[in-house]
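Before anything else, here is the set of structures, which you'll find just below.
First chain A sits with chain B, and in the next complex the same chain sits with chain C.
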Partner chain A sequence: MRPILLKGHERPLTFIRYNREGDLLFTCAKDHHPTLWYGDTGERVGTYVGHNGAVWTCDVSDDSSTLLTGSADTTAKLWDAKTGECYFTFTFDQPVRAVALAHGGKRAAITTDPFMGVPSAIHIVEIDLEDRSRQTARVIRRIDGPQGRVTRVLWGPLNRTVITGGEDGIIRSWDAENGEVLKISQEHSKQIQHLSMSEDGSHFISASLDKTAKVFDSETLECMKTYSADRPVNAAILSPIRDHIVLGGGQDAMSVTTTSSKAGKFDSKIYHKIFEEEIGGIRGHFGPINALAFNPDGRSFTSGGEDGYVRIHPLDNSYFEIP
Partner chain B sequence: MDAIPSNFPRDEDGFVDWNKVDVESVELPRDEFERAGLDKPVEAEIEELKQESGFASVIVVDNLPMIAEAKYAKLLSVLTKIFSQIGTIREGGLLMPQDDSKTSLGFAFIEYENEQQAQSAVDQTNGYQLDKKHVFKVCKFDDFEKYEKVPDEYVAPPPKPFAKRENTQAWMMDQRGRDQFVCRFGDETEIFWNDPQTKKGEDVYTRTHWTESYVQWSPKGSFLATVHRQGVALWGGESFGRIAKYAHNAVQFIEFSPCERFLATGSTHEPSKAGETTQVLVNFFDTRSGAKLRTFTGPISDFIAEGQQGLTWPVFKWAGQSNGKCGAFFAKIATGAISVYEAPEMTLVDKKSIKLPGVVDFCWSPADPILSCFQPEQNGGNVPARLSLIGLPSKQEVRSKNLFNVVGVNMHWQSGGDYFAAKILRTTKSKKSTYSGFELFRLREPNCPMEVLELPNKAEKIVAFAWEPKGHRFAIIHGDGARPDVSFYSMKDKQGNNNCTLIGTIKNKTANHLFWSPNGRVVILAGLKTMNGQFEFFDVDAMDTMASVEHFMATDVEWDPTGRFVTTAVTSVHQMENGYHMWTFNGKLLYKYGKDRFFQFLWRPRGKSLLSPEQEADIEKNIKKYSKRFEEIDEKIRNEADSSAASEKRIKEEKWRNWLESKKAIRETQAYKAAEADVVGETQANSRKDFVETTVIEEEILSIVEEPI
Partner chain C sequence: MAIKPRWDAIDADTERAVDARRDADDEALSKTTETLRSTKIAAANGGSSDASDLPANEKLGPDEEGVMTSITYQINDAGVRTKTVKRYKEHEVVKKVTPGMLERKTWEKFGDAKRYKPGDESMTAVSLEEIFLEKTRVQPKSELEKASDPLAAMASAQTSLLVCRTCGKKGDHWTSKCPYKDLANDGSKPPDEDGAFGARKPGGYVPPSMRAGATGTGASMDRRRDENSIRVSNLSEDTREQDLQELFRPFGPVTRIYVAINRDTGEARGFAFVNMVNREDGQRAIDKLDGYGYDNLILRVEWAAPREERR
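Right, the complex of A and B next:
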């Protein structure tokens, strides 16, 4: 089927997030304005104006009422998703990279980049979705991060752990209560670009510049599957209904100019989750893919590229006939 | 003050009274000299002594004729003549002792100006044949002690216990007739079987940091040579154990003789001081024993033609192997001459080089000891340029041709040594433009007849030329534009007579390189470099294109030794897309392999077939009968691979499902549910589970209008 091309961002995309029902699509880009779209038609609903730097990540509450964004302007903001009004700002001394709301939405993990000699950190804050006026900037726990950036953060089962991936290629699971490192996985040899949790929370997928994506057990951090690609992988996602994964990436911007667009490998690739075999690919972007998200109904997915475009790829019937 | 020794006479104020110091008696402590940067006096003296009366620059020449007084002066002058070529003999430095009856004792001492000259005299004259009976034995005087210690009686060394060596031909016995290749990527060197049935390279042997620069197969594939800073190592057999090593510091280039019995290693050494020239060092080894057979060393000018700049390996070129004889000729170019040596004696054939004034290039026939060489015009055009074929060891000219207005010559031998082609680039009379032509020689005909071939448009640029291996055809890429033409010629006409005829020309091809299958018939027209890796698989028998494919940015094309498969590779000259593609001979892609920092891909060469041409013809005739067995094996392997892949998939799936179930079971427990409710809140935990999507259709009657028809 013909993909829906969403034009709205002026700079490379950084992150894409569907709400729980899949009818709303939030996109973040290096321009300063996260944007909300209708998930099915691709019609733009509006933008969230207030950030002063690239917006790296966002997360939306289960009831789709509240949006949390993290930006390089050293702030994380809470927005009323419906009105586009920013009602609270967490201000840090370092650029914010990854944000994630805990299950239930009572807490959030916010990571900051190393900056001016201060190492990276994971901040756990309390979120009050019930009564916005009671929201405070209090950080419950500040965990000193590893060397280099923490690029993505996920909440583990029952909010007991926080799982991070970073510049050093190491995936760590931290005790959310006392900030101790519980498990370490050194399966990737280069920077982790993206982490994405499965529907049931039992496993998650990582994307790395070492040209692989891997599936890990979210409790033991045991590597269960490896998908080898021929390009640096910037994003990888799990299909919510089929045993498939989608990964995307491409040659980084610096080396792209030395190859033709044909050789840039800017298509998204579908792999079989269990057999680790490539099934197919979908072309479209003319820059590396930076972000991917599956619609929770599993019938379409969305990609965002370095080229500034967002593409909604509806999966047609022939896809569902693949064994 | 502290530096002054306390035993110096001092005045009342404690200062040294210099008037009273006996200067002669002052002796600085030893390390004081070092601190001052001076030589230690005692050592310096000894060193000087060594220089004056040491024997480092003296050599001993033994095995001279013992002659009477009458002939003494004559021999002396002969010796002076021989040895003064190498260096300057000191005045009175040639001494040939005589006994009481004035008969010489059969040896002489020669003193050179310095040690280097003495060393090169030993290197060059040891083994020099003066006449039939007398071969010089030359050594340095300093080695006297070493030779003195040699026991008078020969004691045979104890025989080494027999150690079974692995069969270095084992890979040729593969039941399925597969071929091996070696890949070098990153720090890894890996050897694979090419398996067309399972469509992948099957691992044979991997080793990290196996080589420090590159690897190379020996010409018959028995060994793999790895090149290191200290020298070369050979590996082989089923387990790829080390078979031998050859020491050569900073070795840069290696070259096997075609029979694998000899190995040449070469290196250049940049001058350490201004005014010196680059030195070249080439060692010849016996591959099996590891013994060093001969060393060639000297300034770079000894190894290149007159007026040439820089050195191109191989400096020594091996002659084609003649009729199974495992000795071989090898040759190097020198100023106005080609020096041909003979292995295993490693001596100059006839003790002198072939004089060819101005010679710039030479080439051996791949099958016979025949040299082709080219001498450009001399004396400003008064002596014409000359192309000649010289047979060894007779040094007789097989054929030669004088040429005029020549700018450059490229020499091409056909793989069987049956034909020889020279591409000649000439200038027109006005000297303003150039044109090309070919001189074709038939080596197998009596008197070696010759033919001249010119393309219809002789001003066109010749991009590439290649003989069909084992055949009588050749291909030429010619044209000035971005899409040149490719022409095919045969050395025989349709009636089978010896006439060079055009088979056909195909127009406008993206090709700049030609890669013939080692069995002939198929040629790949390759567009490398600026043409970005376009390949056309062309069948010359049918004059038809079998496939046109692309391997983006490919840099290398390698046919397997049987001509069944071919690989195209992107090596690390490009940053991106490193790896190789495996194709069948007719251009079908079998599989791809990608690895970053991909340096080298080499098929393992095969030894010569043991079958006679009749037997081969028989197999070709009854191919169905012979191929049946292999097809059965292939079929079996395919089925096995399919069923094993299927069962592997089943196991994988089962494992994954079980794991998911176990996780689900944990989530279903009461304890977990309670914890979950605690974390996300009762209602939310339930709402997540009970979330059901429903479609509700609401109909509302807005208005009813009746329309009369």
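Right, the complex of A and C next:
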């Protein structure tokens, strides 16, 4: 396979998101401009100019019309995906870390980092995709989060719960209505870097600095599978069509300059989802992998690295011949 | 006559959505062309450079393997008549395209991308390097245990390994950490250089050319290709070197395996050569494998005819 290299970002990548059909690819990086690419050709469509800090995460509505981004400049912004115009800004007092649109796009969860003595928080806001002029900054519910950052947030089945993972390595499921903690899972011993939901929403995969990725039931938070890697894991994703997972990571950015790229384990690893066995690896990055996303058609996936490159890996026959 | 073979495989992705605008969710059919071989033949200089008397272009095929051949005649920039023979395969690729996706393909550039015209940006590049999925070798459990055993033994018997070369103390410290380092005699010679320089120590390395019975020059490496060469025929099309390795390895060490591949289709042509280190092993392999059923085919295994005879 010949990967497509996208060199649009000048700083490490933080997050990658495909739209529902997989023809658009949104990338976020520590430079301030989230970028839109065509998912098949890798052609750059545009950049969303307006943030004044690292952009940590983004989410796109099901109709691909609206993009929500969260940035360290303490704002979350709503963009018109097509024109790149920011039409609404949520301003908080702390840096924004994770954002997630609810199923159906009527609500969004936005998490803020602990800052100046204020603990982390999860904010549930209302989103009006139909009439953008009616969009307000009103926070329906503010849930005071746990100690440390909340790095990723997901909406649970039927939007009843919000699932978060954070610095303390604990995965929590919160009641989206009253903000109570419903379930707690202490399977990871170190910070959770990424959470990614399966196609049907029944389970999700977590990536942690404790060098493992785990699959959890999204209702009970029961840990069902564990994939052990030989590196801190920054991202893990589930294949939408096969019983495989892909995880990526590498030694932390601090020690990268002191080791060779071979020793850094900067390749994406494919594991069998059920048997938890490592199947193979795909090399390419010369920095740790920070973000991964599967194309919804399952025939390619994209990785973003600390090296500032985004690589679209088309999976060829040699992959599909694997049992 | 100048023949310039060229290998193109990248053209394969010239996908074109036919009938781009359809209202319903529809499948856009696109055709990809895989160029197998494109050969350009320049005519001798005597050929006239008049476009009118060029032979008509031809299109042949598809043949039984689905390979099409197109022959085009042209006059190139230098005024030389050229004949291009292109052998290719056509694949039909069906791609689901929704109206929404088609609409999004027409989005105008915005933000930083606005400054560039379409196709003008150098942001996107297809990797020049072919990246392979590197499969993880699964080590059998027993081997893993074996591998860890000596390490465990070492750990338990660590004291005997820890010998200081300066003071000779066992199990206390490493040579570099020796507390008596400064007291050691600096003038002593390194222990290895006590013999005369040129004299060969018994048991030392002797290059093959200087060993008893050597003819002086090394034997030709080429000879080995014909030595103990076994011809295996009636193989199935998807036989790979690895399969033959598995087949022949039990009889003895194998030096070379060559599977004949059809250049056009990439499939095996049904025969292969296997070279064994020892002739006896080869004979045993032939005795056992000739007539052996493999992949629903009955193998034919025999000593390969020497090169000269085959010609």
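Here is the rule we use: the second predicted complex is superposed on the first by the 323 of 323 C-alpha atoms of A that agree within 3 Å, B and C clash if a C-alpha of one lies under 4 Å from a C-alpha of the other, contacts with A are read in each partner's own complex, and residues count from 1 in each chain.
The working rule: a residue touches a chain if its C-beta (ideal position, glycine included) is under 8 Å from a C-beta of that chain, and two chains touch if they have at least 3 such contacts.
A quick note: this is a predicted structure, and the numbers were derived from the prediction, not measured.
**Q** Scan A:R283 for contacts with chain B and chain C and give back first, second, both or neither.
**A** After superposing on A, A:R283 lies in contact with chain C but is clear of chain B.
**Q** Looking at A:I4 after the superposition, I want to know if it touches chain B, chain C, both of them or none. Which is it: first, second, both, neither?
**A** second
**Q** Touch test for A:S202: chain B only (first), chain C only (second), both, or neither?
**A** After superposing on A, A:S202 lies in contact with chain B but is clear of chain C.
**Q** Figure out whether A:F275 sits in contact with chain B (first) or chain C (second), or with both, or with neither.
**A** After superposition on chain A, A:F275 lies in contact with chain B alone.
**Q** Go through the superposed model and pick first if A:D62 touches only chain B, second if only chain C, both, or neither.
**A** first
**Q** Mind telling me which of the two, chain B or chain C, contacts the most residues of chain A?
**A** C
**Q** Is A:S318 touching the first partner chain B, the second partner chain C, both, or neither of them?
**A** Only chain C; A:S318 stays clear of chain B.
**Q** Check whether A:K82 is in contact with chain B, with chain C, with both or with neither, and answer first, second, both or neither.
**A** second
**Q** Touching A:H103, do we find chain B (first), chain C (second), both, or neither?
**A** Only chain B; A:H103 stays clear of chain C.
**Q** Which partner chains sit in contact with A:V45 here, chain B, chain C, both or neither? Use first/second/both/neither.
**A** Once the two structures are laid over each other on A, A:V45 reaches chain C alone.
**Q** Per the contact definition, I'd like the list of chain B residues that touch chain A in the complex.
**A** Residue list for chain B touching chain A: 532, 552-553, 575-577, 594, 649, 652-653, 656, 659-660, 663-664, 667, 672, 675-676, 679-681, 684, 688.
**Q** Which of the residues in chain A come into contact with chain C in the complex?
**A** Going by the criterion above, the answer is residues 1-8, 21, 23-24, 33, 35, 37-38, 41-49, 63-64, 82-85, 267, 270, 277-284, 311, 313, 315, 318-319, 322.
**Q** Under the stated contact criterion, what part of chain C meets chain A in this complex?
**A** 98, 100-101, 104-105, 107-114, 118, 121-136, 138
**Q** Going by the contact rule set out above, which residues of chain A touch chain B in the complex?
**A** So the residues of chain A touching chain B come out as 62, 102-106, 158-159, 200, 202, 217, 224, 230, 243, 251, 255, 258-260, 262-263, 273-275.
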